[in-house]
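Chain lettering (A, B, C, D, E and F) follows the sequence in which the chains are written, and residue indices restart at 1 in each chain.
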């Protein structure tokens, strides 16, 4: 099993979620994060003083799924989160050793 | 001059002033996080702009010596000859200055109401220009027509105690014009524009309610039985409309919402405004009760008709003000105010017709003028922020600020 | 009729109106995030419900022509014969309407105070029913007893300038009854119910303080030396009680808290309420100082006795009001108010006894009636939300809304 | 005695009271999340402390029978002989009590203004001590000099209608002294101290604006043409200054900010305060317009000079008050207030000199005294929290609370 | 060493934390997240318009611990976070290559 | 490729970010988290009742980078986040199987 961690632009979340749902992804978890990357942050001005704010709001989407589905899921994310502009984000793939569903105690594939 | 009357009008002016920041919170809580400051700023900066406009030429255009029933002259430019003594025409027991500043607060609030229609997408420079032009070309003439000595709507005998036409219908139909011209927000129809801070919105509604006592009762320009009566019916209509909107939504959507109760309260305040100095408590129950229901209906209509009036100015102020102006023609009674007139239900059907004419005139004038003004601004400098700015939000893009930094 | 008096009472009514949203914020900040709207709604919707109740029958039951010292008649149903002229009995220099609406705001605030006791777990429908029944069966009679012409407690000579018994003791003991009948919140004893937004709570306390000037000074029903005196002692008691609660908590828990200072201020306002028109500034220092300390003690007692009065209505309003009512029997002086009486410390021990009787009568009546009302509602429709709803929160489950969406 | 005047002054007192919590929000929104309660508490608890101080000895020291033009006697200790009848000297148509409590609110607000200078780093115990000492040793004498019968600055003919010297210059230069003595916040120069909640700050500014009507117009101590005039110029100056600050920042930094508009509004209110009862509307436009610009400049200066006045008290109150006091010497006109004097532009250059002397005297006195008081406290108990506490924040470390718990 | 990521219902956090503490777990990190899964979200209504909010508030608990402890820890989480109703959440197990304690520079087992 | 997860004290974030930037790290993602560990929480008092709040605000910094850079990055974090007092935090290192840049579709090293 694999875990996909995708850092995306917040306003793309609905599209990504819908895309993954269509693919049959049953669950995912999102977190509000802040990113620092090629995309430059913005200036803020308070009483004449200028501050550079480097961190930009992003959403992290985490999906644990069977290895076979990873390629498709990544493709969907890439399509749905794409604007073509800097800051579109990244997808990271990690390996997951085990999954357990708390409610039922199921493990592995059944638990996803 | 009377100290009690003066105290009442001055404090009322302070209460009405507070309505504009109250509105800023009411609106500010309903937009998304990224636009909270931009939305608040729309109201707040009008305290600056319109005050200056009003003091320089606005008051004179509205209340200065009449020209053909259409507009006041510029004789009172810069408050020239607006002094500490009472004016014969506007509040004979209070300083002329007190009347002027009381009216100033109305002039500020009215364009602030419109801002709900184009929240989350208007350029700030265009907004500033719009504010000045709208105040000068729409508000001042209308105000003169209805309240200025010699103004044609007032002379016709239309009853508008505290601004059903001047304030609410004018802002409501201008909001419609603005929503149509400026267009929908990005993602309209697919994005959920969920209010980011409802406690803020409810706080705003409470301040509006509080300030509205000054708005309506203060319009008596004296502190007498009529002021008390206007105070009472204002409170009643707001209360009943809060209930009525809440129950309507409960029936329709299955749950009573707090935003509904707050919106209903505002709808009731709008509805009672024109009649507040002419109708009694039982009439206020009906005006408020139907007011809440009608405005709720108006909100639903919006999604049917498909214009994006972000914060429902059309439904609440346009529709609510229209209902209130007509209801005044139904429920007005000279037993409440001998200087007023009777409405249809008190034996004078003619009054309803007069009210109707005043409503239509206001609507047509405000709608057409607002379209012209906006088209003009669009030509000169454009109206909307870029798509990128709209996505990122007004706060960062227009003001280089963020509302909350935790 | 006097314009200054009228202006003062009308503006005071507006200030008292603002106390209800102020309370909404005071309470709303103290609950958990998921219940903020439900809690605010409890107060806000009372502006709707009680206004209607008051206008229809409440005012008449409270102040209408007396029946045996027990209740007013329904002669004034729908504000029938409550007009713009002064009433002989209630404020002879102000419109009767002004007195009516001033009192209306008290009638709204009082049940709103109770809502702190059952925050975070009551069904909304049951709440609405409770509000109407409580106002009708508890508030109106009590109000008549104390303030209505002919009411037995007032006739007995009990002093209650602005509502120690009618408002605070009645809400405080009703809160106790409610906490006992409705039961503890889920997780009581193990979950930490930490206030979700203390700046909101402090803002609410500030608005309460501000509005309380209208509450107490406005109760003079005229703008004279007595009004000024009531204003002054109100401010003093609140100030000193804020200090006193803060120092008590500092001693007891090692740190001075802002919630403590805000709670103390409210406790002081409660404590001075009944005596505000009868006591002088030095007495106010003592009443406030002890008021803060007593209410702090009351809060500690709660966890000892084990009832779950979510936001400490019993300690602050019940205990604070009791202390205030008795303190009036100690510190009242005819030098402050010749129409009042002297208290124990000014040579009239009898007054303390009268105050004591009025306190006990209020307590017994409000407690028993509230229990009956709640048991009845429980039978008909139940009182509490389901466990699942309690876990998820009132906002989503009862109102389909969320307070904040960032 | 006049009911209208009394109503006006009492309601004004209530409005001024609200300014202190308004300031708490204005300041509270500008600090970081972790210090919001500590900052709010600074203002809030002054409502407690100073009220007590004022009632016991402060009022007597300020307004009691004069000793050599320098200080009032303690004859009025504990409000002894401050009663319900008018005082001959202070508001001859209102209860003496009303004047006393109106002034009490000024005495509270003034030290609250200073707290912006040392936000986010002062020990709470040291703060309490500072408040009492500053009120007693700086505020009371200054207040006597300017407003007390026989006070030397007032006798000299200096014009200060509502507190340019007493309130704003005194708090502004004391803020400078405090910033210098207490030192910079940790991370000064590298950390971005970004306001954590700007809607809160704007709400605070709105409440300040609202309350300021009581502050300035109420200072007429009667409700007449002068009160109306003071009300009007207050509103105008605030409005214009909001615009002027906003445009300055727009030019300088490329964007119009909401914090700028709010700060400008406050700057304008400060600037008009001393002249509010002496100048006309056109002068108010100039005073406000330059006021906004000057204070904006002052804020920029701060970073040049390198002291850490956290929330810009020096720039807004110190500089704004100075400009206002001098501007009164330029724009005052006996056509507005026959009991005042003409300024330079109305043919009386001497007045500017008198104003100048009053400014310098206030500055020197407040600055030196504040330094002495702070040095003393530093010696006895220290001034600053530990570094660890500063990192963790005031809320947790000083008050064992957190502002928000989501 | 392993990392356990558990997505649980927020009001179960205290129980889970106490359970893990008893087991000897010395540290953990929590994040407020939002989940999308079998458990349906809720409706929200604003001015007569109905919105389906699919994401539900959850808490993510992250614990890095020695491999031998994983089984016990998972058992504790399963017990303490269990309500038996849909939405109880998931446990994911990942492999961790190294742990360093910033204060001391300790690594591996000692750093946990 | 590896993923570094560092739990640090919030006020050290700027130092850590600057340190990593100097090292050539092009992107990172941060999350506001709460930690439970050796560092004791604080007491809160509300109306005379005392609550022990065990969870302390921390920042989680996540950086995906090439394996060769890990050692240096960890060193920088350790230096910059160090105060020497309890609660300085932890660094965890996990293995990442793949990285994709959404904007360009690049994968592996190029995508970081």
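By our rule, contacts are C-beta pairs under 8 Å (C-beta built on N, C-alpha and C of every residue); 3 or more make two chains touch, one makes a residue touch a chain.
Predicted, not measured: the structure shown is a model, and the values here were computed from it.
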Query - Selected interface, A-B versus B-E, where C-beta contact pairs are more numerous - result: B-E
Query raised in the report: Any idea if chain A and chain F meet via the same residues, over half in common, or different ones?
Result: different
Query - Between chain F and chain D, distance of the C-alpha-averaged centres to the nearest whole Å - result: 45
**Report entry** Inter-chain centre distance, chain A versus chain D - centres from mean C-alpha coordinates, in Å
**Finding:** 51
Query raised in the report: Between chain B and chain C, what is the separation of their C-alpha centroids in Å?
Result: 34
Report summary line: Residues in chain F with touches to at least two other chains are numbered 31-32, 44-46, 53, 94-95
Query raised in the report: Can you list the chain B residues in contact with two or more other chains?
Result: 2-5, 7, 11, 194-195, 197, 253-255, 257, 259, 400-402, 404, 406
Query raised in the report: Touching pairs of chains, which are they?
Result: A-B, A-D, A-E, A-F, B-C, B-D, B-E, C-D, C-E, C-F, D-F, E-F
Query raised in the report: Can you name the residues of chain B that touch chain A in the complex?
Result: 187, 190-191, 391-392, 396, 400-402
Requested in this report: Would you tell me which residues of chain A are touching chain F in their complex?
Outcome: 2, 6-8, 31-38, 54-55, 58, 60, 74, 77-78, 81-95
Requested in this report: Name, in rising order, each residue of chain C that touches chain F in their complex.
Outcome: 192, 194-195, 249, 252-255, 257, 259-260, 263, 296, 299-300, 303, 312
Query - Contact footprint of chain F on chain E as seen in their complex - result: 3, 17, 26-31, 64, 94-103, 105, 111-112
Requested in this report: State the interface residues of chain C toward chain D in the complex, per the touch definition above.
Outcome: 2-5, 7-8, 11, 15, 32-33, 194-199, 202-203, 206-207, 209-210, 213-214, 217, 222-229, 231-232, 235-236, 238-240, 242-243, 246, 253-259, 261-262, 264-265, 281-282, 285, 404
